[in-house]
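In the two assemblies presented below, chain A is common to both, partnered first by chain B and then by chain C.
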Partner chain A sequence: MSKFLFKIVTKLKEEIKDPQGEVVEKISKRLKIFDEIKVQAGKFYGITVVAKDLAEAQQKAGELAKNVLSNPVVETYEIICFEEI
Partner chain B sequence: MSKFLFKIVTKLKEEIKDPQGEVVEKISKRLKIFDEIKVQAGKFYGITVVAKDLAEAQQKAGELAKNVLSNPVVETYEIICFEEI
Partner chain C sequence: MKKLTASIVKFPGSNCENETLEAVKYFNFDAYFISHKETVIDSDLVILPGGFSFGDYVSCGRIAKFSPVISSLKELIKRRKIFILGICNGFQILTEANILPGAILENIGGKFICDDVELTFLNKNFSLPIAHHQGRYYIDNFEDLKNYEIIKYKNNPNGSMANIAGLYDKKRYIMGLMPHPERNVITPFKSKDGKNIFEFIRNIIEKDFYGII
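Right after this comes the complex of A and B.
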């Protein structure tokens, strides 16, 4: 058995209004940090697991992201990083 | 002026209880996806901006992460990716 770390991000689909991102855009402009800015907000999960091998870990990580972490109606998910630790 | 994409993650500090992460751990075990799992939940921001150069963009991105996106009392932030697009 080996230990793996993976990082998963879930985001609202492009066509869905993202009020949290819009708030960050407004504040950035008001504070004169960035004037031209587009923000997409989402959720982050740093996940440490034990699995037989990389193939098993990757398959199960996809299952977790798809069935537990994201709502497929309004969200997409992305496994942004995967490493043995 | 150039366009940059950066990705920022904010997470609760290690010592602070993370109920959202614990829920994912419980569900993963109940669904028999991963039995041994540790989850740290957080927030993700994908940010596209226009800035004079990379140095300016990086400095302002740090300012945004520190002053707008994270609560320094209970959270840490990390700029996980930075690229000119």
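Right after this comes the complex of A and C.
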């Protein structure tokens, strides 16, 4: 068995209005940090697991992201990092 | 009046179950609580009450959709007539579990809204309280709602698509709504408009399940 770290980001689909992202855009403009800005808010999960090999860990990480961490009706997920530790 | 039965599911974090129990008792249901771990359901009506569930971590209703009671309800819908009502967090659980279509997102203004709202349902106007942070109804294909009656907000408070406050599946007897009808049944202070919803449900069960007219 080996230990793996994976990082998952979930966010709303682009066509869906994102109030959190809009608030960050507004405050950025008000504070004159960025005038031209587009923000998409999301959630980050750093997950450490034990699995028999990389293939099993990747398959189960996808299952977790799809069924638990996101709702496919309104959200997308991306596994942004996957490494053996 | 036939004695109908109602079970109210308690999730960790439910907090509207007592008002819900009293509201259905008022309509002469033999009502009782069941656990979210329950797998045997024998009532005419099952209510997923308002409040929270499992801290609503990840997203509202996301973790509750994995409860044994939800798997049992999905099976029961296929096997026999059963009326399912999801109120607020219960509606969120029903959409997360794909028992009702669409999804419920954070309110458009990003704020928690606690207010009385005007609604229309089956050409009837009434007023009920809402109390939610995540009540913006979203659906990507309106065709999916063709077998549904819609409960609509008159003045959309949260950015829901097509002013949708709730849905009623006429074929499968499943209703989900963000407003809280249970709070306006036996309160001395406000309108008694919550009666409209429970009266509707009672009439449907009597007529369609038992042939009582």
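In this section, the second predicted complex is superposed on the first by the 85 of 85 C-alpha atoms of A that agree within 3 Å, B and C clash if a C-alpha of one lies under 4 Å from a C-alpha of the other, contacts with A are read in each partner's own complex, and residues count from 1 in each chain.
Note that in this section contacts are C-beta pairs under 8 Å (C-beta built on N, C-alpha and C of every residue); 3 or more make two chains touch, one makes a residue touch a chain.
Model, not experiment: these values are computed from the prediction.
Engineer: Based on the superposed arrangement, let me know which partner A:K38 touches: chain B (first), chain C (second), both, or neither?
Structural biologist: first
Engineer: Counting only touches as set out at the top, which of chain B and chain C does A:V68 meet: first, second, both, neither?
Structural biologist: A:V68 contacts both chain B and chain C.
Engineer: Check whether chain B or chain C contacts more residues of chain A in the superposed model.
Structural biologist: After superposition, B is the partner touching more of chain A.
Engineer: On the A-aligned overlay, A:I16 touches which partner chain: chain B = first, chain C = second, or both, or neither?
Structural biologist: Touch status of A:I16: second partner only.
Engineer: After superposition on the shared chain, which partner residues are touched by A:I79: those of chain B (first), chain C (second), both, or neither?
Structural biologist: neither
Engineer: Hey, what residues of chain A end up touching chain B and chain C alike?
Structural biologist: 43, 68-69
Engineer: So in the complex, which bits of chain A are touching chain C?
Structural biologist: Touch residues, chain A against chain C: 12, 16-17, 19-20, 23, 43, 68-69, 71, 73-74.
Engineer: Applying the document's contact rule, which stretches of chain B touch chain A when the two form their complex?
Structural biologist: Listed in rising order, the residues are 7, 9-11, 21, 24, 27-28, 31, 33-51, 60, 63-64, 67-69, 80.
Engineer: Could you pull out which chain C residues touch chain A in their complex?
Structural biologist: Contacts found on chain C: 58-59, 62-63, 66, 95-96, 102-103, 105-110, 138-140, 159.
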